[in-house]
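Heads up, the next two complexes both have chain A, just with different partners, chain B and then chain C.
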Partner chain A sequence: MSNERFLTGCSAAAQAAKMAEVEVICSYPIRPYTAIMMELAKMVANGELDAEFVHGEGEHAQLSVVLGASAAGARAYTGSAGVGVTYAGELYSPVAGGRYPLQMAIADRTLDPPGDFGSEHTDAMTFRDQGWLLGWACSPQEVFDNTLMNYRIGEDHRVMLPQMVCQDGYFISHIPDKVVLPEMSQVKEFLPPYNPPHPLHPERPVSHGPQIRPDQGAPMDAQRAAVFLEVPAVIREATADFNRIFGRKYDPFIEKHKMEDAEIAFFIMGAHSNTCRNTVDELRKKGVKAGMVRLRWVRPWPTHALAEAFAGVKAVASVETSTSYGGAMRGGNLVHELRASLYDLPDKERPLVTSFMAGLGGETIWLHDFEFMAKKLLNMIAEKRTSRYVYWIGFEAEGGKK
Partner chain B sequence: MKKNLPEFGKIVVPKERAVPFGAVTPAPESCQLLFMTGNWRQKRPVIDDKKCTRCLTCYMVCPDACWTFNEEEDRMQWNPSFCKGCQLCTHECPSEALTATPELDFEGGVVRLAKPF
Partner chain C sequence: MKAFDYRKQNLEPIKTFKSAPREEMYVPGHRTCAGCGPAENYKLVAKAAGRNTIFIGPTGCMYVANSSYLCTPYAVNWIHAQITNGGAVASGIEAAFKVLARKGKYNGAFPNIIVMAGDGGTVDIGLQAASAMMYRGHDVLFICYDNESYANTGIQTSPTTPYGAATTFTPPGKMIPEGKKLFPKDPPQLFIGGHPLLKYVATTTVAHPRDLMNKVRKALNQDGPAFLHMLAPCPKGWVFDESLTNEMARLAVETGMWSLYEWENGEYKYSHIPKNYKPVSEYMKHQGRFKHLKEEHIAKMQAFVDEKIRKIKAAAKPVEAAPVAPHRKK
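Let's look at the complex of A and B:
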């Protein structure tokens, strides 16, 4: 019988790590992710979880410890937030290049300066191109589910890549919601034990992390890129198995809400999609054919799924909760890849696309903010053109007032 | 509804250029032949056996274990395949038996190699 609980995103992550039977955990405190480690530390202390719990002396050490643990054949777990994520920066590429499928839980937070504790996607998004699987959850339940799914996908021998399992700080990490905890038998059916091909072992000695020659750099990059071509099929399989075993209805790559006949649509990821979904329902009541697509994976980016989802939509708002200063659209990060994904649609089906900077520094994106975006999209349809690449919610002359 | 969109193509890494999974290699028993670093060297340590007291300081300081004591010949032996030319040994030798000599001074000096080993 399933066990229904009221959990924060942090508690949900800890519960999932426990049910995944992680073997080595490395912690270092930084809010808001810290609560995950507090829960896990209690579980280890109480004897509920048989894991080595190591206190790192910083985030760089955290990633180094779990790299070693993963190389030795242990299922390893760590995490961070904000400037903690950036402090560990050096390790992301070697962890992916060495093919260590460890997991890093991120409850996101703005970067300095100056310090702002609020949620923002910029921390993990800064490291999106290092060869990790990366995606945001939109509920504590999805945090729990993504933790298990990411281990399954990352540890698959066709993949063998590390994973950043992200949740919005505070909005998800600290607000409790209903979470259905499965039976251990279900978890065991879904998630086989971690079985790396070449673990460090005294009886079968191997060298990990050697310096490679200059002529080996390009093939290693190409091999890592080639793995990402295999990942989508593994995600599809794992999602189908997850849905079957745990009774969920996840689309492998994107959540589509009222997209069948949508004329305007929001493109969004993470916690703010919950308000966005409600706004779509409200707009529908007013006769506006609105829809929403929520991104579940930033890496691998679901290029084709997005093109299929947005084909025929007239105008799309990319809702940006991370910064790309000086970037092509002078706003956020998602819009670049969204526009690139839609570029090859036939002229008649290619939507107009703009972006909205919103939810930065921990701000809430309100219903009226989404309505403001919808108004802009309807204007674009009337004018038959995109007149602005980016709007800054709360900093526009006519709108975003609280 | 399947769109006629571009594909990602295939990445073909020729077998002879492929790097082992995660760059994991069999552990070496004495030296890692898959990764020789001697061609990084600009200067090599040249030993004067008469000045050398066999104190093993070079053996202690070499970060790449390129100095070993050859008991049969009663002299220090240098491994040219892995010595990066860092000159720690020439600096630390208490009897000034080691001289950092430019690779260009040698007929087969590694700086003359067209290809790394």
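Let's look at the complex of A and C:
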């Protein structure tokens, strides 16, 4: 018996955290993720959830509190957005290197300056290389599902890594959508209790995080990298179990929409994929063989799944909602890794790849913006080359809005 | 709602040196300097606290020179914290034990959760986390082992470095003859000043080991946050002979540079108040960090200390003094 509700992404995250029976929660307010904590605070106050709700004095403290809680053996939950995510910067590596599988919910937001409440992926993307699991949802339902899946994957003893569970600010965090809430028995079947191998425990003393010599640094780095090679198998298992227990149809790493015979394709993650999916359907009606690949995980990056999905496609648009100033492709982040993922494809199967800066500062990416991107991809196919690395949606002389 | 019983311990006072626990919880394995005050300090704190303890060690000397991988000196639980966040990591550990105890996942006596932070990790970069932990009322003992500088990075000034001290960031020179121009922050006063749930604050030194151990136990017995400020002389940073560590701490008390007190239920209780304070020069003359000072600078220090002594004498409610550590005669 499932319970269908109409929830925002924030509410969905809070409901999932409650059903995961999180034990230590640390809050600090910043838009737009704050509502997750407001809802959890109510649940704790009402006795619906037995957890310690700690009012952190900032995001740096939030991550420090949950680090301590996770080290002591409690399932820990926190979250942030925008400059809050960056203020906590010191802690990302200690949390991941200490192998504390706590969870951080992010409803993303632009960084300053100037103050802008809008959604943008730059905040969490800035910390993609610190050793956390990282991925974006595209609906409140997926926020709920990813919360449970991330705890299961992160707490697996083969993994033991923290997780950033991201949703686009406002587009997902504040717009209600249908969410099917499962039964507690389903959650219990899917998610075992948190049971770290070496918690702080007075009867079994341990030292966490001692100093190492320089010659011990590289082996530890190599170990952290090796763990990420193990994660995809755990993601596959967890996704299969999730689909079976909750009746969903997630592909472990990427959502493929009309990719079977696609000649042009969009590469995208997060909320704007919903408009993108519709655009693909519209383009198909006009006879354009378009498709879409939506990234579910940034870390671990699904190199081989992407190569397989894009093999034989003629041109790909990487839709960039984060910035990489001065980067190789002069625009966003995803395109670098997308191009690297496709590099080893045979010449005949390797697509042309360009990128489009879109949805920055919280702007909507409209249907006609995606149609503009499609036009550029078709031009590239005709010209048989990638004439530009990056286009800025809304700032191009022809097409696009403005 | 009925309060949950977290099985808080009650540690007995140590009445004589002989009755102090023989068991060491801070054992060989560290590589601190000869005569290291903070190491002696750690040993006494760990002895007083005993087995049921979790130390949080923010970055500082007691991390860098202590916690070498595979040979740490801690016989109890220890976890590194950043220099910034000792109070916050401790808050999370305390919160975890509370919820785990409530849910029946932890059944032991509530552990002693102790932050061992240096002066930088307490009142400089670590101040925010320390203050927030005390404000929220976590059952955590925050200890500042004060060696009066950022010592492990090569003796840079911290907010507790005394006026007139030469450090590598306050070198005396033609334009700035006294080296450090500022007078220090007062850590206990910072915390006493505005944390409604803070139960107990006390000061001590490594030269007063029974006093130190009993203050640790009293602080741990509080059902809530406590703060201890401990003077831990640093031979390398202060530039004195490493056989004189305890002597420096004792002279600090005898000259009024440091005072021993407890703050409990809003009241101060002083101990070890000398009948006649020695001049500060008796303390400063042993230390290379003050060697460049001219008479006018020493007079300025004396005036600063005289004012502290005046306040203590006005407010003091002397208590019975615990014996001081025996020391080597020169």
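The rule is short, and it goes like this: the second predicted complex is superposed on the first by the 401 of 402 C-alpha atoms of A that agree within 3 Å, B and C clash if a C-alpha of one lies under 4 Å from a C-alpha of the other, contacts with A are read in each partner's own complex, and residues count from 1 in each chain.
One rule holds in what follows: contacts are C-beta pairs under 8 Å (C-beta built on N, C-alpha and C of every residue); 3 or more make two chains touch, one makes a residue touch a chain.
Model, not experiment: these values are computed from the prediction.
Trainee: Clash or fit: chain B against chain C, after overlaying the two structures on chain A?
Mentor: clash
Trainee: In the superposed arrangement, does A:Q216 touch chain B (first), chain C (second), both or neither?
Mentor: In the superposition, A:Q216 contacts both chain B and chain C.
Trainee: Would you sort A:L345 into first (chain B), second (chain C), both or neither based on which partner it touches?
Mentor: first
Trainee: Kindly classify A:L67 by the partners it touches after superposition: chain B alone (first), chain C alone (second), both, or neither?
Mentor: Touch partner of A:L67: chain C, not chain B.
Trainee: Kindly classify A:R99 by the partners it touches after superposition: chain B alone (first), chain C alone (second), both, or neither?
Mentor: A:R99: touches chain B, not chain C.
Trainee: Does the superposition put A:R5 against chain B (first), chain C (second), both, or neither?
Mentor: neither
Trainee: Thinking of the overlay built on chain A, is A:K256 touched by chain B (first), by chain C (second), by both, or by neither?
Mentor: Touch status of A:K256: no partner.
Trainee: Would you sort A:P205 into first (chain B), second (chain C), both or neither based on which partner it touches?
Mentor: Touch status of A:P205: both partners.
Trainee: Between chain B and chain C, whom does A:K375 touch in the aligned arrangement: first, second, both, or neither?
Mentor: A:K375 sits against neither chain B nor chain C.
Trainee: Where does A:R388 make contact in the superposed view: on chain B (first), on chain C (second), on both, or on neither?
Mentor: neither
Trainee: Report which listed segment of chain C has C-alpha atoms clashing with chain B; options: 243-251, 297-305 or 315-323.
Mentor: So the stretch of chain C colliding with chain B after superposition is 243-251.
Trainee: Residues of chain A that sit at the chain B interface in one complex and at the chain C interface in the other, please.
Mentor: 205-213, 216
Trainee: Quick check: in the complex, which residue numbers of chain A touch chain C?
Mentor: 23-24, 26, 50-52, 54-58, 60-61, 64-74, 76, 90-91, 94, 200-203, 205-213, 216
Trainee: Which part of chain B faces chain A closely enough to touch in the complex?
Mentor: 1-3, 5-6, 8, 10-11, 13, 17-19, 21-28, 32, 34-35, 37, 116
Trainee: Along chain A, where are the residues that touch chain B in the complex?
Mentor: So the residues of chain A in touch with chain B come to 97-100, 160, 197-198, 205-213, 215-216, 218-220, 222-223, 225-226, 229, 303-304, 307-308, 311, 344-346, 349.
Trainee: Looking at the complex, which residues from chain C come into contact with chain A?
Mentor: Result: residues 51-54, 56, 63-64, 67-70, 72, 74-82, 84-85, 88-100, 102-103, 105-106, 108-109, 111, 128-129, 131-132, 136 of chain C touch chain A.
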